[in-house]
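Once you scroll down, you'll see the structures, which are given as structure tokens.
Shared chain: chain A. Partners: chain B in the first complex, chain C in the second.
For the complex of A and B:
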């Protein structure tokens, strides 16, 4: 029974990592869609949203089944709750990718303007944060999760730079106002991807640190 | 033992409602801060964020304690998981209120421009969605939760109107570009408040519908 429970825990973890893969892929595709001005990639991101939403529900159901299966130890409870929370954030990473491609589709309707901002760089920082947050989860490494928190201020800085550059463009070249606005909003969406990565990292810290503290309690509970 | 468990469930629910009250208050204050151009109210929202974050952790810990306390029935498990998810969304409603007042503080630095948009209306729809979503939770009413989902498209529409009005302002009165941009971003933050209310409503539906389906299973499990 205990073995079957732990097998299911592994399944749950693996499903969450697949979910993470889908979310990351959506962000990377959205950045590529921006870089290449590719309507096809936009479409792929839009179509991928449903799979992400479906997987979110599947993971929640599996987590519930596991909780119902037997009295999990405190350490496993924290793990399952962390997964439920991380799951919700990954789904919203997917939502942000959708928001990005909606903006890219707006940009496709407009004439190409010379906007001197490096959106792929913003996107790459955001996407790396998601990947690192998931790694911190896989290896239960609070120190790696803390790296994500640090990178978030770097991302905020990059986003602030885009904001000011685009505001300047709007003032100086009014004809590019719509392009500049869409670009600014894409940058903000990517910054929010980083916020979700930060939430995930915080949940990993909550889980790992709590698990350390509560491990003893968990064992005691099992002996009651 | 069972009674103590249900007492704790009630405590958890009450704590979540207090959390909801704090998040709602933050949004309402942020809207007032915008309407009255009140730096004091901005400060109150900024200072209130910590209390919301602290309460989020307390609710998570209480949920974990409850899960560890005894083998909850499936129906109770779904309830606790719904609370953990709703809790995370309420914390982010608070974050959006902070984002709004940060924009309001930017507006305070600028000369007042005549911008013909009704931000308090957008805010009022968003705030009502949060309140209604919490009500649907209190009374376990999936039909009330569905109202929230319907209102979300109304909010999206209002936000799109603000977007287009502000874009028009930027093109026609470049001197008001910064004001218009900040106003547009406030509207987007409020629209995201509505997204969180939508997430909460979806969690309520997931819980209520699942509880209906699983109630039997829960009883059977208790009889095993």
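For the complex of A and C:
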């Protein structure tokens, strides 16, 4: 029964995973672009944004059609709602990657100064969160999604460390203020990537368990 | 005013076949409860037990308790006719008395009960037709036109007016809109929403969107068993039982 509808749900899932792949790639490339100070990689991220935006529209259209034509219920309804929300978050992840490379392009124009921060580490945590959130979506695993929620505070902590380190740099070596400011913004963009991954994880939990765990702290969310 | 319905260990048979297996359900006063489930699952049998209609079929049997308000309707000494007055019923296919006028269709139940006060009868017919949202469409042809001359949607509202005329406390509706077009269906659904202020309503429907639109509570029947009974939004967004989920998402049957 309703095989055509369920086939459409599979198509929707596949499209979202492709979108997820693009967003994940954009973040990884942005981090690499920072690490290598690579203008080509920056360019690739900027050009990749269009594909992400196009996919966002396609996914929303398909989801809207299915809501209107099939009037889904229960797990199917939650699935489509989750898709629409995850879709928006992935598009924002793509935007954050663009923000990062814009900062990197600024840094490329400046004299390279020694900054005592580990941005690749911040990036690696953020990127892992996105990957894990998408994995929880692929396998419909709320327990995997919970891991993402638990990692978010770790990323916040790393971002706070960057903030203080850069503030210190600005005070102590005013010549590096612009570099420090751009680095601080990159860290913040990556922290936002983690926030979007958290949203995605919460949507997966909503889809799988029917529980709304938004705005609950780690352990509380895991108990829902 | 509507009254609550309490069903305990209700079983029903057709001959030797047990069609309902120990159903327990509580429906609140002035609530709309929808019953869903595949054909043959027992939902119509269940509602027919709520006004002692099931026993009108030869060879059938009912066991268990059904309380309408404080009345045990299967207790010795409770007259079936009185139960059916308090628990009105509207069927899938509109069934007005074809040779009677619109007026007489609505007044039929009262006249049958020996009600003869003309003035009072006029008042009840008008009130019932107004409650059924049909008054404005038929007030000029009440005694001239027959019930059968109305459109399908109007006939169904006429049947609702006829059920309301005897002032029941509970209204049972067995797929009341399944034979109607979307506009008439919309009118019936709007009507259900208005009627719940004065009546307790139980509606059997195959249309899940309809259940979601009109009912505060929904029960899912399968193979003569009440699988799940909960708030409608819970049933349609996050049902507890896998069988309910499979049915409402179409992964079943």
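Note that the second predicted complex is superposed on the first by the 208 of 224 C-alpha atoms of A that agree within 3 Å, B and C clash if a C-alpha of one lies under 4 Å from a C-alpha of the other, contacts with A are read in each partner's own complex, and residues count from 1 in each chain.
In this section, a contact is a pair of C-beta atoms (placed from the backbone, for glycine too) under 8 Å apart; a residue touches a chain by one contact, two chains touch by 3 or more.
Source: prediction; values computed, not measured.
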item	value
First, second, both or neither for A:75, with chain B first and chain C second	second
Contacts of A:85 with chain B and chain C, given as first, second, both or neither	first
Touching partner for A:60 - first (chain B), second (chain C), both, neither	first
When both partners are placed on the shared chain, which of chain B and chain C touches more of chain A	B
First, second, both or neither for A:105, with chain B first and chain C second	neither
Touching partner for A:5 - first (chain B), second (chain C), both, neither	second
Shared contact residues on chain A - chain B and chain C	71-72, 74, 77-78, 210
Parts of chain A lying in touch with chain C, wherever the complex brings them together	1-2, 5-6, 71-78, 210
Complex interface listing, chain B residues touching chain A	57, 60, 63-64, 67-68, 70-72, 74, 77-78, 81, 84-85, 88, 167, 170-171, 174, 177-178, 181, 184-185, 188, 199, 206, 210, 221
Complex interface listing, chain C residues touching chain A	208-209, 212, 236-239, 244-245, 248-253
